[in-house]
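Heads up, there are several structures right after this.
Below, chain A partners chain B and then partners chain C, in two separate complexes.
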Partner chain A sequence: MSNKYEITIGIECHVQLKTKTKLFSEVDNDARGKEPNSCVSPVDYALPGMLPRLNGEAVKLAIRAGAAMNAKINPSSRFDRKHYFYPDSPKGYQITQFYHPIVGEGYIELPSGKKIRIEHAHLEGDAGKLTHFDTYSLVDLNRVDTPLLEIVSMPDMSSAEEARDYCKELWRNMTYAGVTYGDLYNGNMRFDVNISLKKPEDTKLGTRAEIKNLNSFRSVERAVLYEYERQSKILDKGEKVKQETRGWSDATGKTTSQRSKEEAQDYRYMPEPDLPPLNLAEDFIKAEYDKCPELPADYRRKFDGIIPADTLEVLLDYAELMLRLAEIHAAGQPVDYVANLFASVLLAEENQSLLNDKLPEANQLTELAEMKAKKELSSTAAKEVFIKLFEPKHASKSPRELAKELNLIQENDSATLEAIVDKVLENPATKKAQEDYKAGQEKVLGFLVGQVMKESHGKANPAAVSEILKNKLK
Partner chain B sequence: MKLADKTTTAVSLVKASLKRIEETQDKNIFTFVDKERALKRAAEIDQKIQNGEDAGCLAGVPFALKANFLSTHRPADASAKILTEFLSPIDSTTAEKLEKAGAICMGCVNLDAFAHGSSTENSYFGPTKNAYDDERVAGGSSGGSAVAVALDCVQFATGSDTGGSIRQPASFNGVFGIKPTYGAISRYGVVAMASSLDVIGFFTKSAEDLDLLMSVTAGQDPKDQTTLPDFYGTDDVALKKKSIGYVKEFMESPALDSEIKTALESKLAELKKQGYKIVELSMPTLEYALAAYYIIQPAEVASNLSRYDGVRYGFRTENLKSEDKTPLDLLFENTRSEGFMRENKRRIMIGNFVLSSGFYDAYFLKAAKARTLIIQEFEKAFKEVDAILSPVSPNPAFRLGEKVSDPVAMYLEDVMSVPVNLAGVPAVAFPVGKSKTGLPLGLQLIGPRRSDKNLIKLSGELA
Partner chain C sequence: MEVTEQEINHLAKLSNFTLQPEEKTALKKDLGNIFKYISKLDELNVDGVEPTYQVFEMENIWRPDEITEQDADREALLALTKEETDHQIKVPKVL
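Right after this comes the complex of A and B.
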C-alpha cells in the first residue's frame, strides 16, 4: 500500500448466536447435518396468522456480547421490519432492530492497544439459503431466523492489518463470551467491510464501497488491500469511486460490483407490531453482563512481563487455554512454563488434534511445571508426560505418578550419578575417549555423557552428569 | 346461548343450524360448511352428556368462524384468491379454545378478502347480503359472521376488528359485537391484517353471550407476545363514576344519519333518567383518526401481505414467460397481481408509499404521533366518564355497489370506529332498534382498557 491516500475502514459483523432454538420460534437452531427444510416452524415458514415469539436466550447472549465489547445495554429496545422480496425471506421482511438496538456504544481493544469504537449492535433473524442450478433454484429455510447479532463499528480502522486485527479480536471476544460457536468456515461470523480513500489533506471521507460477506480474517485483509489498489487507481485518474456493494472472491483475489447505490433497495422499515418493546430490568442486564468472562485485553494486562507477548498472542486464539492459565495464575503458581508447553507442544501442527480432547487440570499442569523446575523431568520427558495426560487412560493421574509409570523421573542424586559415571569410566571402551578429552578434545564429552545416559536408562540428569564428568577428568 | 343438555341434543342443535344455513344460502354467508365434522362432534358431545361427563360451558353450541381464522379442518382462505389452495397445519388459539369448551364449528363465513373493506363486497366469493335487505350490504369486513348470527344460522360467530370490522356489521344486522381491549384475546392463527390494530372478537344475540365467550377465550397466550396478562373476569376496570360521555364532534357531524342521532339521544336520555351524569366531550384529535388509520393500517397491511409470494403455499401464477423479466420477478409480480383483490392492491400501494424512504417521517411517523395524541385524548376522557356512547357508523347499511367504486366514501364508513382501534380500547356494539325503512340501527359503548366485562354488562342494560 502506498501512502498517497488515507484509507478509512468500518466493519459490520454478523454473529450467529448459539441459542438452542431460533430467534422467533421453538425449533432447533442447530441445523448442521440436517435435511434441508427440516428445522422450520410454521412461524419461520411464514404461514398466515403466525406471530414471532422472541427467544429470551438470544436476548441474554446479546447482553453478554455487549459486555464483551464494553458496551452499554439499552434498557429499552424495539424490533423493526426490513422489507424485501426474495425466496430466502419467507415473511417478505427481516425482523431486525433498525431504530432502537439492544446494544449501544462500546469498543474493541486491539492487540496494539488501539480501541475501535462500536457504534451499536442489534438482534435480527438470519435469512434462508438458496442453491442455484441452471434452470431452477432450491430453497432451504433451515437458517431462517437463526439469531444474529449485527455489530457495527465506527470507521476507526486505517489499514488492512487493523481491519484484520479487529475482526480477529472481535471473533476472540465473542468466543470468549461464549455467545457463538465462532466457526468461520460455516459462516458463524461474517464480515461486511466498508472502505473509502481520501487524500491526507482532505477533511471529508471519500466515497465508500462495501465488500460483503467475508468469512475469514485473511480475506478481510486481502480485500482491503485489493480495494486500496482499485480505488486509488480510480482516484489517480481523477475519477470518482462509485458507492456500491461489492463481492469478494478468494479464488481471484478480486472484488466485483454487485449493486450500486442507485439500485439499492428501499427496505421500507417499520416498527414490528407483533413484538412488544423489549424492556429489560437493570438487575437482569447486570446478571447477564456479569457472565462475560475475562477478555483477551484483560489477559494481556494480566500476563504482561510473565508470558512473552508473541507467545501470548498465539495462545489468545484459544479461550480454553487462557482460562487454564488464569486458573494457575490465580492459585499463585507460575504460568510461564505451562504457556510455553501450550505454545510449543499443543499448538505444534502434529499435536493440534489434542485441542479437541480434555485439557489437563490446573493442578496437574502446576505439578508438571514444578517437576520440570526441580529437574525431576528433562524437558523432553516433561513434554512426553504432558502429551500423555491427554490420553483418557492417563487423564486422571498426577504427572508424578505418570512419570514414574513411564520411568521418566530424572536421576539428580549426585552419589548415584557418580557411581554410574565411575562405572562408565571404568569401562575399557571409554578409555580412548577419556584420553582424547584430556588432550583437549572437549566435544568428546558428549559421547561420554551419552554413555552415562545409556547406563542410567535415560534417567540421569545430563547437565549434572556433564559436571561430574568434567570434574573427574580434570 | 342454547346449550346441549339431556333434553336438547347437540345433534339437534347442529341440524337446526344446518337447516338455517341451507335456507339462507342466497345471502352468501358461508364459504364452507363443515357438515360431517359438525355432526360427528355433536354426537360425541351428546355421548359425553349421556355419560354424565362435563361437555364444556359451550356444549353443542353451533358457531361460525370468520374465514381468516386458521383451522386444520377447513379452508382458511380469508376469502382471498391467493389463499384458496392453502390448508393450514395449525388451529387458531381462539378456535381451539372454543372447541375445547364444547362449541361446534359449522364452517367458515365470508369476509372482505384479508378483511379489507367495510361491506364484504371485496370478497373473492362475492358479497354477503344484509340480513334484512337483499339490496344492501352486510357491512364488513366480518359481514358473513354478522349475518350468520342475525339469521340464526349459528348462535355466535368469531370476527376480527381492525377498524370497525366487528362493530359495523354488527350494527348493520342488529346483533351484538365486541371489539375487546387490544391484546385481550390471542391473534395466533388469525390471518393478520394490521397487527397493531387487529383484535379478535365475537357476534352474538345477547350481552350475556359475549361475556361467556370472552371468559372462554380471553387470556395471555405464549404464542402471541402482544397478549395482556389475564384480566377478563378478575381484574377488569370498573365503571364506577356513573357518568357517560358522548363525542360532540360525532354528534354534530353532518354525515350522521338523523335516525342514528335520535337513537343516540334517546339512549342518553334513558341513562340520565337512570341517574347517570351525561357529559359532552370535545375530542378534536379524533378528526385525524381516519387519516392516521389509513396510513398505519395500509403500512402494516402491505408488510403483512409480503409473505404471499407464491413460493411456499397458496395460489401461484402460471404466467412465468416474459422477454424482459426474470422468472423469479414474474413469480412474485404475477402471483400477487392475479391473487390479490383490487382493494388489497390499493392498500399495498398506499402502505409501501408511506413507508418508503423519504416519506416515512412525513406519513408513518406523523400518523404514529397522531395515534399517541388520540390515545391521550381517550385517557383524558376516561378520567371524566366511565364510557362513551357513540354511533358505530354514521349511517345504516348502504346499498350494494353504492360505495365499492369510491374508496374514500368507503373509508369514511370507518370514521367513528377507527379511533377505538388506534387507542386499543374496548367497545361493544349493540342493537337499538330499526330505522323507519326496517334497517337495524346500532350504537357502541367505548370504555377504558380492560373495562371489557363492565362494558358488556352496560351494553346489555342499554340494548
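Right after this comes the complex of A and C.
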C-alpha cells in the first residue's frame, strides 16, 4: 500500500452462538451433515399464527460474549423487525435488535496493545440458504433463525494487518469465552468489512464499500489490500467511489460489485410485537458476565517476560493450552519448558493430531518439566514421554512411571557412570582414541562419549560422562 | 393524505409485487385513506411518551434451550410449498 491515501476500516462480524436449539424455535441448531429442511419447525416456516419463543441460552451467551469484548451490557433490550423480501426468509423480515441492542460499547485489544472500540452487539436470527441454478433457486431453511450475535466495531482500523488482527483476536476472544464453536470453515464467524479511503489532509471520511461474507483472516487481509488498490485508482482519476456491497473471491483475489446498498429506511424497522422486552437484573447479568474466562490480552500480561512473545502468539490460538499453562502458573510452577513443548512438539505438523486427544494434566506436565530440569530425562526422552502421555493407555500414568517403563530415565549417579567409563577405557578398542585425545585431538572425546552411551544402553547423561572422561584422561 | 405513484411503485418493488395500473389506482386510494385515518394520531402531543412495544407488560419471557419433537415433520411442511426438489423449496431464480 502506498501512503497517498489513508484507509479507514470498520468490521461487522456475525458470530454463530453454540446453543442446542434455534433462537426462536425448539428445533436442532446443528444442521451440519443433516438433510435440507430437516431442522425446521412451523415457526421457521412462518406459518400463520406461529409465534417466536426466545431461547434463554442465547441471551446468556450474548452477555458472556459482551464480557469477552469488555463491553457494558444493556439491562433493557428489545427486538425489532427488519423487512426485506427474499426467499431465504419466509417471514419476510428478520428479527433483530435495531433500536435497543443487548451489548453496548466495548473494545477488543489487539496483540499490538491497540484497542479497537466496539460500537454495540445485537442478537438476531440467521437467514436460510439458497442454492442458485440456471432457471430456479432451491431453498433450505435449516439455518433460519440460528442465533447470531452481530458485533459492530468502530472504524478504528487503519491497515490490512490491523483488520486481520482484529478478526483473529475477536475469534480468539469468542472461542475462549465458549460462546461459539468458532468453526470458520463452516461459517461460524463471518466478517463484513467496510473500507474507505481519504487524503491525509481531509477531515471527512471517504465513501465506503462493504465487502460481505469473508470467512477467513487471510481473505479479510487480502480483500482490504485489493480494495485499497481499487479505490485509490478511482480517486486518482478524480472520480467518486460508489457506496455499494461487494463480494470477494478467494480464487480470483478480487472484489466485485453485488448491489447498491438499500437505504436503511427501506428495511421499515418496527418493534417486534411477538417478543416481550428484556429487563435483566444486575445479578443475572453479573452471573453470566463472570463466566467469561481470562482472555488473550490477560495472558499477554501474565506471561510477559516468561514465554517469548512469538511463541505465546502461536499458543494463543489454542484456549485449552493456555488454560493448562495458567493452571501450572497458578500452582507456582514454571511454565517456560511446557510452553516450549506445546509450541515445538505438540503443534509441529506431524503431531497436530494429538490435539484431538486428552491433553496431559497440569501435574503430569509439571513433573515432566522437573525431570527434564534435573536431567533425569534427556531433551529427546522428555519429548518422547510427552507424546506418549497423549496415548489413552498411558494417559493416567505419571511421567516418572512412564519414563521407567520406557527405560528412558537418564543415569546421573557419578559412581555408576564412573564404573561404566572405566569399563570403556579398559577396552583395548578405545586405547588409540585415548592416546589421540591426550595428544590434543579433542574431537575424539565425542567418540568416547558415544562408546559410554552405548555401554549404558543410552541411559547415561552425556554431559556428565563428558566431564568424567575429561578428568580421567588428564 | 396523498400517496404518490412513485411511493406505490417503491412499495411494490420492495414487496416484489407486479401491479396492474388499475390496482395501483385502487391502492393509492386505499392507502391514502389508511394514512389519513392514522395521521389523526399526529394531533396528540407525545413528547416524552415511551412507544408502546406491547400491551401485556410482560418481560424476560424465554424458554429453556432444549430440542422438542415438532408436530409437523419435513414432508408435511414441504407439502405446503408450491414446488419442491430434493427436499428443498423450489422458487423462481433470484438475483
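Just so it is clear, the second predicted complex is superposed on the first by the 469 of 474 C-alpha atoms of A that agree within 3 Å, B and C clash if a C-alpha of one lies under 4 Å from a C-alpha of the other, contacts with A are read in each partner's own complex, and residues count from 1 in each chain.
Just so it is clear, a residue touches a chain if its C-beta (ideal position, glycine included) is under 8 Å from a C-beta of that chain, and two chains touch if they have at least 3 such contacts.
In this text the structure is predicted, and so the values were computed from the model without any measurement.
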(request) For A:Arg81, decide between first (touching chain B), second (touching chain C), both and neither. (result) first
(message) With both complexes overlaid on chain A, does A:Pro276 touch chain B (first), chain C (second), both or neither?
(response) both
(request) Scan A:Asp266 for contacts with chain B and chain C and give back first, second, both or neither. (result) both
(message) Between chain B and chain C, whom does A:Tyr93 touch in the aligned arrangement: first, second, both, or neither?
(response) first
(request) With the two complexes superposed on chain A, say which partner A:Pro48 touches: chain B (first), chain C (second), both, or neither. (result) first
(request) Give one of first, second, both or neither to describe whether A:Gly247 is in contact with chain B, with chain C, with both, or with none. (result) neither
(request) Using the superposition on chain A described above, determine whether A:Leu138 touches chain B (first), chain C (second), both, or neither. (result) second
(message) I want to verify the contact counts: of chain B and chain C, which reaches more residues of chain A?
(response) C
(message) Using the superposition on chain A as set up above, list the residues of chain A that contact both chain B and chain C.
(response) 42, 45, 47, 53-54, 83, 85, 87, 137, 139, 266, 268, 271, 273, 275-276
(request) Could you please specify the touching residues of chain A with respect to chain B in the complex? (result) 42, 45-54, 81, 83, 85, 87, 90-93, 137, 139, 266-271, 273-276
(message) Please output the residues of chain A touching chain C within their complex, sorted ascending.
(response) 19-21, 26-28, 35-38, 40-42, 45, 47, 53-59, 78, 83-87, 130-141, 266, 268, 271, 273, 275-280
(message) Going by the contact rule set out above, which residues of chain C touch chain A in the complex?
(response) 14-16, 51, 53-54, 56, 58-68, 70-72, 74, 77-78, 80, 85-95
(request) Flag every residue of chain B that touches chain A in the complex, lowest number first. (result) 68-70, 76, 78, 83, 86, 88-90, 92, 187-192, 194-196, 222-226, 299-300, 302-303, 305-307, 309, 311-313, 328, 332, 352, 355-357, 360, 364, 368
